[in-house]
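Same chain, two partners: chain A is paired with chain B first, then with chain C.
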Partner chain A sequence: MFDYIGHTLQNPLPVTSGWLESLHQKARLGALGRKVSDESATESWKYSSLCALEENNYATTAKPDPEPDLLDKTLSQTIGIDKSNAHNLVFVNGLFSAELSDVEPPPGVEFVRFSHAEGQHLTSINASLGTMADKHQSIFRVLNELHLKDGMYIRVNKNVELDKPIQIVWLTTRQAQSYTVSSRVLIELEPGSKAQIFETFTSDDAQQNSFTNNVTELLLREGAYLQHFRVHQEQEDALHIGAVHADLYENATLKSFHLALGGALKRVDVAVNLLGEGADSEQFGAYLLCNDQHMDYHTSTEHFVPNCTSNEVFRGVVGGRSKAVFNGRIHIHPGAQKTLARLSNKNLLTSDTAEVDTKPELEIYADDVQCAHGATVAQLDELAIHYLQTRGISRAKAKALLSYGFVAMLLEQVPEPVFAEHITAIINHYFQRHYSEEGCDE
Partner chain B sequence: MSKQALNHIINNEYAAGFVTDIESDTLPAGLDEDVIAFISAKKDEPEWLLQWRINAYREWLKMAAPDWAHVNFPKIDFDAISYYSSPKGMSDGPKSLEEVDPELLATYAKLGIPLHEQEALAGVAVDAVFDSVSIATTFRSKLAEAGVIFCSISEAVKQYPELVKKYLGTVVSQADNFYAALNSAVFSDGTFVYIPKDVRCPMELSTYFRINEAKTGQFERTLIIADEGSYVSYLEGCTAPMRDENQLHAAVVELVALNDSEIKYSTVQNWYPGDAAGKGGIYNFVTKRGLAHKNAHISWTQVETGSAITWKYPSVILLGDNSIGEFYSVALTNNYQQADTGSKMIHIGKNTKSTIISKGISAGKSSNAYRGLVKVIPRASGARNYTQCDSLLIGDTCAAHTFPYIESSNSTAVIEHEATTSKVSDEQLYLCQQRGLAAEKAVSMIVNGFCKEVFKELPMEFAVEAGKLLEVSLEGSVG
Partner chain C sequence: MLTIKNLQANVEGKPILKGLDLEIKPGEVHAIMGPNGSGKSTLGHVLAGRPGYEITGGSIFFKGENLIEMETEQRARNGLFLAFQYPVEIPGVSNMEFLKASVDALQEHKGEQPMDSVSFLRQAREMYKQVDLDPGFLKRGVNEGFSGGEKKRNELIQMLMLQPALAILDETDSGLDIDALQVVAEAVNSLRSCERSIVMITHYQRLLDYIKPDFVHVLSDGKIVRSGDKSLALELEEKGYGWISEVE
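== the complex of A and B ==
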């Protein structure tokens, strides 16, 4: 068994700019004496094994980029939405690629690389970085900082409404030796601003040997409105432990959509903190698993103040020998009266060798609230399959159609056609590939 | 509602909180193998049982008290507890009611538990357990006619050793968990029930548990075996005096439902919950589990209003094909009470079904958590579960939580879970008051309606008692 944290501590990053160095120092202290095995013994990792992380030496960071031309070709095949429809920021193996990105931000927006931050920007970064993530202590947040070479601070200025979405592409490629990608982005929406962020995690076609540890922090000031998409479509050998942390102030609105295709080990922690009255969070998510994949979504919606609303719907189609884990928590803090919170997790289990472990949690410390959660694990309706079969559709195709419908109804919640089309295409492709005649569900 | 009226009702005295002044044989505090040998010798137990206890004790020493439940309490000093206490002269067990100390009979009369058969509610046989000892079991001859064995477990060890040896620890093993291991080592008494093949038990069976002595723990063990095709309905009730210190109650209940049999197990738990400031009260750390064989049916119904802390997850292992498990619960917490309770349904056989209906009511500064597990293993095809957990919050200082674990590995299983949280709304109260109902009556009516699904599962006498108990514990907590 490979001691991931121990080796990471023994291979410190070369000294970079001053403030990143102090971030590394702080993280070193946080990681000292800790073990991945201690983390896996906690309730948070009850259903997910961290063994994959200890099978190879992931303790070093990526080597410099391969040739950008080559990457551009890869990107054009796998990138999220059409590049011309977005402001693009591309990271290759965790490092910012100026060649592949639109370096010039749109009016009213600032893109600041962590390694280049200074003056006013540095003050803003220091004031906010980690303040969201620190509310949920996890060793992987510490390790993210320990490995962080660079990152991106995106600020949308007051009352600015973006014309096009900002697309962030996190690309990993196969390297000679297995490695860690530590990536971080801090997005701040100033009061009254409105933006769309589309994050895609993707990889080239080769068998992957990367471990991505990504943290995305979203800071929504008063009245800000953000649509956030996060799509995981890395090749299935890529490991990923990531997190999204959001702080919502008064009347801020966050509408997020998560989509994940499985991998050897994929885990995403989503925490939404409702800190100002009138804040509203909507989260939709889907996971599609087959083969020996493992996907774990841990979400937590924290209602700190009164009069906030949250709604969360996650759906999964789980086949092959895969395992889906979902843990969705609604936490109503004392005094957070007049809260309206809902959560639903529905799963289709399409194979006897697959497993679903779901735990919707409610933790409530205020009485005048309306909270509800529900979870189901079931299979497709035999009558519905039969109905389609009587119309000349093969059994496999009928199952694919119905499974597609089960997930696709979430897409009705995606207001932007350009996003809806893109996500539909990914889901479509998945079902065509895996639920064909010799599909992975049987 | 006026603040005065509210205080009056909240401060409602715990009616069962008196102490019976009776001389007891109580073992000094502390636990080691000698104490276990003493308990075993006192009960004249066979060697195998002593060894069984010692094995449990050795397992217990290796274990740590579980800390995952959503409850807070200071660490228990297990050496400060006395592990055996019996009313003086009762060590050998009374031969008949005439030999029972009148003071004891008076205690049970005061609690409303009839031990004289002529006064007893028609159709309910009672086993009364006082501290560590079973003091009386009624209607034994009538039950014997039907072949039903209903006696204390100490007596069963002597008279039916094969049955006890065959089934004891088969559902909850000695090393199952920390408190079950402790119970296996020191259990003093409890109830034993055996229903022979194809017999429908002619009356309700009931055990009444009473903790009296200070600084003692009560560790009873109940074993119920329903042989093939039989049926039994069993009720238990519990109370304890009001004392400032916390007392430990760590019971184990094992149910064995053989093919085609049915066991209905109902509990009205009213241990002393501690005073309004959270001082004193019983720590109720109980392991209850049933094993359902082919076509068997096990149903747990509980109304939990007492105890400072409740840690209890009545479970059913659905081993046989077509077996059914049910759990109906009302858990009420007030003042500083804490409850972490729920159920586990383990689906192993094919076409097994389970239902969980849990109603949590929190008031005052209490915390009430539902924690449950529904597990379907790969071979349990056709398994079906429905879970519903509803919480009612009364006042803005209480807490209600839901932690349901759902694990499914079979593609033909259907599992549904839903939970809601609400309060007694001002609109509901206003509507009732407008129609001439006093606020207290209205709350009581709304709460009763909230719990209806569970109450209808209780035998009639218990349903009435449970309704009253809720009224006393809760009424008026709404301002």
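== the complex of A and C ==
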């Protein structure tokens, strides 16, 4: 079995800018003596196997990539939000592509590459980077820093309202050697600002040999409002272990939407910290799995202060021989009175060989709170399939309609039509393709 | 149109249809009456190919083809339509998506292009008005939270959109107010033609005042025990079903 961490430590990245070098140094210390197999043994990885990561040598980073023209073609095919309707930031195999991006930020916004950061920007980055990360110090967060060549700091200045969404595209391509992508964005919304961020993880059509370790950090200052989308539509061979960390200060609002098509190994850890009174977090998510795919969402909502609200709804359609893991935690800290917290996870199994492990976790240390949570796993309704068939609809199409119907209620929660249409298209396309495959889920 | 000979069928291993014969020619309207539990709905389900309904003997030919060998959707595409006694609720799937998928499937079967969304929507709205349902229902989940009567009307809309060769209406008139009865009758009568056949399963002879059947059958204990014309329905209304078994 391949020793991912040992190899990484033996092959340090070349020295780049000073502060990134010290980040690497710190990470090296954090990784020293640790093993992927130790992580596997923890409760957090109980239902997800890390085997896929140890089957190949992923410990090297990507080589600079082919002609941007070629990539642009791939991009226009895989990305639904019209590039002209967004401010685009494109990363190819973790490296920022100036050619494919709108380098000039809109008024009131700053795009700062980590490798170019200095002065006041660097101070801001250093003050926030990693502070929202999980307190368990998962080895993957350490590895993210260990491999980090660059990253992006996005700042929306005080009271600025963005006219168009910022679209971040994380593209991976097949390379001669399997490789790791470590990528990171730090997004800071200053007080009273308002923005939409649309992140897409995608790949070219070739069989993938990348392992992406991405961390997205969201910092919402007083009264800031952010809609955050994170869509995973890479090829199924691409590995991904990523995280979203958000800090919400007073009266800040975060509306997030997650969508994932499955892969050999995909996991996203989401941590939302409600740090200021009146903060509100809404999270919706859907995962659609088939074949031998694996998707794991670990979410945790931390209510640190009184008078905050959180609502979380995730739904999964799980077929083939795939496996979905959902762990949703609500943590109400002492003193966080008048908290309103809800969490629901519903799953639809579309084959006998698929599996779901869902676990809601509640930890409540305040007495004056309202909290509701639940998780269910159901199967396709045979009578409903029959009813559709009696109207001439094929069994495959009937299943696609029912599966779509299962996640459709989430789409109603997507605020802007342009996003809703895009996400609807991905989901529709997925079900049509999935159920038209010979013998799928029969 | 439909020829059923000595049909025997089990539901969950229990014999329900016990040698049923029925011949329906194009253009005819048949009414099937009979006591609760006699097998009327079972006949409808067997014809529609519902899982769990096992044919153990006899034959069914629909438009000259062996119906038993066809998949449910194939039967529908060939023109068979069953209005369910208990229509199924499908949350999350809108009536619009459902109807469009259904109409598209039938068009494709006929080798025709799918209807464009605008004409489809126009036609669907017309149908909703025809059965006195708010076209706003198009956006709602299929039968989701519909009242009993609304579900029945929704079945009629599907029938009108699909224009089947053989429509079987299983108690579409039950639980309806008197105005709604007229709606059912109008929908069925608008479908009537020399190429189409209609089977109405009903408990009430009053429906037959609006839709004049060519034949009335009595189904009892899994068999057709009596057939006649419209006057049979009147006689049943007066005397009940006991009279038939006594005659036998």
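We adopt the following convention: the second predicted complex is superposed on the first by the 436 of 442 C-alpha atoms of A that agree within 3 Å, B and C clash if a C-alpha of one lies under 4 Å from a C-alpha of the other, contacts with A are read in each partner's own complex, and residues count from 1 in each chain.
Quick note on the criterion: a residue touches a chain if its C-beta (ideal position, glycine included) is under 8 Å from a C-beta of that chain, and two chains touch if they have at least 3 such contacts.
Worth saying up front: this structure is predicted, and the values here are computed from it rather than measured.
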Touching partner for A:370 - first (chain B), second (chain C), both, neither: first
Chain B versus chain C as contact partner of A:43, first or second or both or neither: first
Partner chain(s) touched by A:53 [first = chain B, second = chain C, both, neither]: neither
Partner chain(s) touched by A:362 [first = chain B, second = chain C, both, neither]: first
Partner chain in contact with A:354 - chain B first, chain C second, else both or neither: first
First (chain B), second (chain C), both or neither touched by A:378: first
Superposition-derived comparison: chain B or chain C, residues of chain A touched: B
Partner chain(s) touched by A:337 [first = chain B, second = chain C, both, neither]: first
Doubly contacted residues of chain A, that is, touched by chain B and again by chain C: none
Sites on chain C touched by chain A in the complex: 48-51, 71-73, 75-77, 81-82, 84, 87-88, 90-93, 97-98, 101-102, 105-106, 109, 141, 158, 162
Chain A residues touching chain B - in the complex, by the definition given at the top: 43, 47, 334-335, 337, 347, 349-379
Of all residues in chain A, those that touch chain C in their complex: 381-384, 386-395, 397, 401-402, 404-409
In the complex, chain B residues that touch chain A: 68, 376, 378, 381, 391, 393-423
